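Have a look at these structures, which come just after this line.
Each of the two complexes below includes chain A, the first together with chain B, the second together with chain C.
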Partner chain A sequence: MKVAINALQAPSGAATGAKGAAMKHTPPLRERWRGRRNLLPALLFLGLFFFAPLISLLLRGVLEPVPGLGNYEQLFANSAYARVLFNTFSVAGLVTLISVLLGFPLAWAITLVPRGWGRWLLNIVLLSMWTSLLARTYSWLVLLQASGVINKALMALGIIDAPLEMVHNLTGVVIGMSYIMIPFIVLPLQATMQAIDPMVLQAGSICGASPWSNFFKVFLPLCRSGLFSGALMVFVMSLGYYVTPALLGGAQNMMLPEFIVQQVQSFLNWGLASAAAALLIAITLVLFYFYLKLQPESPVGNSNAR
Partner chain B sequence: MLLTPNAMSRRLRFGLYTTTGVIALLLLLPIVFIVLLSFGSSQWLVFPPPGWTLKWYEQFFSNAEWMEAALASLKVALLTTVFAVALGLPSAFALVRGRFPGREMLYGLFTLPMIVPLVIIAVAVYALFLKLGYTGTLFAFVVSHVIVALPFTIISIINSLKLFDQSIEDAAVICGASRLQAIVKVTFPAIRPGMIAGALFAFLVSWDEVVLSVMMASPNLQTLPVKMWTTLRQDLTPVIAVASTLLIGLSVLVMMIAAALRRRNPVSA
Partner chain C sequence: MSAVLNDKQPARTLVSLRNLNKHYGDFAAVDDISLDIQDGEFLTFLGSSGSGKSTTLSMLAGFETPSSGEILVNGASLVNVPPHKRDIGMVFQRYSLFPHLSVRDNIAFPLAIRKRSAAERDKQVDAMLKLVQLDSFAHRRPAQLSGGQQQRVAIARALVYEPRILLMDEPLGALDKKLREDLQDELRQLHRRLGITIVYVTHDQEEAMRLSQRIAIFSHGKIVGLGSGYDLYQNPPNAFVASFLGNSNFLRIKAHGNGAASFEGQPLAMRLTPGLAEGQEVLLMVRPEKALALSVEQVAREALPAGWNEVTAKVGEVLFLGESQTCSVVTAGGTAMTVKALSAAGMPMQPGDTVKVRWAVADACVYTQWAESDLNKAAGAH
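Moving on to the complex of A and B:
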């Protein structure tokens, strides 16, 4: 029986040994190709509705209004556009920093507390992640407005005299986006921390490390992979975020995604928009490449070669 | 020692737990706040509300535009789910079981819509449909949503398919079933949690999709997030809080279904 089952798996496992060589022609071609053919519908769909439009969009950046690199020149030369790029990167950087600072203790505590509590904390994180993006953004809009709860509370406590302007500017964008990104730090970081053997830290302290140096020299380096991949993911996502900046931000200080939409919808300037889009894609893909380098293995990688 | 609470110094533990409590409350704050506001009587979203009322819910359910938007959302999300699973299922099989070169690269291609910023996908697809004259149609909504839902579906199906031992399916074939019968009767039930999770993801992605929908929308056809978006840009009426609360309720429901699935089948989903 077992032999029979193995024989059925020939396409995957029989490449080794003399027997494997003899069987090389036995797996019916039909069986072998069946796998690949299954990809066709999805590939056709993505090719038609994703890759083709994407490529033709990117081409417009060098073809419209006249062929050449004029759009790119404009993008970098015009100080207003450079400002957009600066905003995009500084907001994404700040958001990454804040969400790491808030996400780290949370991930740590989830790993630390008894299982029941940990599950509750994790559920809170998941709830916030899966709650409608618009609902959360709307909520922050109301919370942060001049007559909102946060301003009123701060004034009642005597911390400020006049309401702070926290929406329709980059402050609002940073607050709203950091909130949205916290789960994307907590989840990978928590998985990394869970995998750390507590004994290693115990060993550190037995060998005389103070809690302080144990944290910085042992614990933090062990968290590094989760921390880096989470932070990188958040940074990449922040660069391309549209909804929250569009609602919590102001017309004065735009980010790249808003800029692209504005060029398309208000100015019908497809050339400039697609140059900006190409820039955003290039940055995203390069950063994502580094992200993949940090991942231990690909989901369809060698691990499933039986 | 930093991972065993009892060995931690009391001060450090207290500090960590307090910080965590505050952050957890911060995560809950906007969600609880919006649910409370949807029952508050103040038109200007004063908090704490001067009184409690259901009138915003009445307004929401009696307004034809909101109801149509909700219905459109449901229609688009269901269609998206069906197509994402129909396209994702065979692809997942090929990616897990296929033995052809470039599998990794193909997997990368399939997950690309998750990585490329949504705005760019939205603008690109918008340009295509503008040319074809399809903007504002159900077709445009569903196609654009399937693009972004597909990676989620494929990944969850792949995850459960990888855990399924193919020799069980082969055993069915040896016992006389055709390959198709074996897949439908043996493999599908075994990977059902992954398929359901994939379907749930597709539904949720579509249900909550803003950027693509805003680009695809027309006055005749708009989903709930589009209606919320356009209303939000005019004023902050509590009716949006009602719509938000309903969306939150749905997310909680979907999460509970996912959790129930995980409990029944701890290895997958």
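Moving on to the complex of A and C:
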């Protein structure tokens, strides 16, 4: 999971790096590629263990069972498959929304509380992230099931008569995944908030901004970069998440990763599975492109680079 | 609306602080301050860090709530008014511009908050950009400006909504000396042109002298001196202000009747001071530039004028400081003194020479009460 964070931060870093290089005098191509032979082992490694499997997988989508785009056609035309796509997007969108709504106040609290306490809160968030994914997902199962703690408590209090169905459907998936995704929004958001000069907010209020408009006109725009990167990470991760939907979701409301596993394991339909995987990769790349386009040059980062 | 006009008008109190206190636990950051700020004046809070000047300013801005006491503006209490409703402008030490907005939008921010029409907003922002001479930088981000330019944007942002009072918290502290002096001149002219009330916080006494009409000197959460820079420097109200502002020589003398005293056994004259007991120890303060050091030959040539004092001392060190020179001397009793003169006047002494230090009786201030720590230059902070 740490890798995922780094992977998300890296492109923005690389982009600014490239911009910086472009502004400087660019040496001739031959100069820049001098010593390219040293790259060979790394390229070989990447090609052999990364690109080759990926390409062979993507090729299966257009070659099996017969060459052509039949698999993609099936994916969009079949209403059951389209339903899987719709589920995937709505769950990912809902999870992103909920984790933003819950993660934002949490990140803010971590930033605002006195130094030592903030570190404790952050450690709790990190600790939950480092606990086994399976253990956390199963514990949600325990909490949410018909005879689970939550239902029993609600029934004992007389709020409900019959147990709520909160698991083995998309509700359970959304609850479980939101919980797992919150750290991924809190970490970048908290880093952004930490960098905001509190005096800027004081300046906002002395300029006449009420706490409300100070929040929307000053604080929120300054949080934008962290909010963007966190939300994108959560959305992209949610699109491809398998374990939680498999355990907390139901058989009738599948998400794309479950669908892929089902196609491969039950029906040995590699063609359709790889077409679905390719779709997931394509969506992620498109989102990433927009992220890089929309991501403003971080205003907070700039103000700190004095 | 010029300062000249204001000088002719009878001074009208705009802000008054009444018995203002701010405690953090047992610690009194601001200790029972009462102060009247006149409409249109440039008042500076001067003090070392931790003396309570910034806390007082924060209470004026509304970022800190007084533990007790009143803040009145035009007679109305401000204590329970939140900062955004106080209609006060403020310039911060680290500029605190909105990093996500352009210069133009930064200056327009207070107007946008006040929901002024776009046309009016544009007009006022343009006028402000012209005032602070940043017309050509309107579309830049704060991060693309130098420190001095950022501070000018901050001043424009604080002035654009025409607040009654402008607070400035060490606004030039982060800039280098040359730029600071330029901006001080600009600020003084701005104040003269706009006639706005400015409360300025600084620890730099030269800056305070250069800018303000009145200075309030803070020490240990109290105002220990209040007046024009000239009065505070020439006639410090107490030994602390004397040692804090500029340099000073302190002589411990014994009073003998009215206007007479002795210093290390030599007779001295001093200003008439009421209420002195025979033999009471008092403190005499002479500014280094008011004292003269004369070599033996000079003394032989020039007799002691009437109304002047003279003590004998030995030269310790002569320093050349460019436009001025200082000479440190030690009297027979071990009292160290410094004499300062313009370089043009010349100082022919050598270390080890015996000299006579002279000063006019009228130029020496007399204090009957003082604390030892007052005489220490670094005092003033908690």
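Criterion: the second predicted complex is superposed on the first by the 242 of 306 C-alpha atoms of A that agree within 3 Å, B and C clash if a C-alpha of one lies under 4 Å from a C-alpha of the other, contacts with A are read in each partner's own complex, and residues count from 1 in each chain.
Throughout what follows, contacts are C-beta pairs under 8 Å (C-beta built on N, C-alpha and C of every residue); 3 or more make two chains touch, one makes a residue touch a chain.
Since the model is a prediction, treat every value here as computed from it, not as a measurement.
In the superposition on chain A, A:139 makes contact with chain B only, not with chain C. With both structures placed on the common chain, the touch criterion links A:124 to chain B but leaves chain C unconnected. Of the two partner chains placed by the overlay, only chain C lies in contact with A:207; chain B stays clear of it. Contact with chain B, but none with chain C, is seen for A:38 once the two complexes are overlaid on the shared chain.
Shared-chain residue A:159: touches no atom of chain B or chain C.
Set side by side, chain B and chain C differ in how many residues of chain A they touch, and the one touching more is B.
When the shared chain is aligned, chain C comes close enough to touch A:217, but chain B does not. Overlap of the chain B and chain C interfaces on chain A comprises residues 202, 204-205, 211, 214, 218, 299-300. Within the complex formed with chain A, the chain B residues making contact are 1-5, 7-9, 12, 16-17, 19-20, 23-24, 26-31, 33-34, 37, 44-47, 86-88, 90-91, 93-100, 103-104, 106-107, 109-110, 112-113, 115-128, 143-144, 146-147, 150, 154-155, 158-159, 162, 166-167, 170-171, 173-174, 204, 208, 210-211, 215, 225, 228-229, 232-233, 236, 240-241, 243-245, 247-248, 251-252, 254-255. Against chain A, the residues of chain C that register as touching in their complex are 61-63, 82-90, 92, 94, 96-100, 109-110, 112-114, 141-143, 154, 157-158, 161.
Chain A contributes residues 1, 4-5, 8-9, 11-12, 32, 35-39, 41-43, 45-46, 49-50, 52-54, 56-57, 60, 102, 105-106, 108-109, 111-113, 121, 123-128, 130-136, 138-143, 145, 147-149, 179, 182, 193, 196, 198, 201-202, 204-205, 211, 214-215, 218-219, 236, 239-243, 247, 257, 260-261, 264, 270, 273-274, 277, 280-281, 284-285, 288, 298-301, 304 to its touches with chain B in the complex.
Listing the residues of chain A that touch chain C in their complex gives 197, 199-200, 202-211, 213-214, 217-218, 221-222, 224, 296, 299-300, 302-303, 305.
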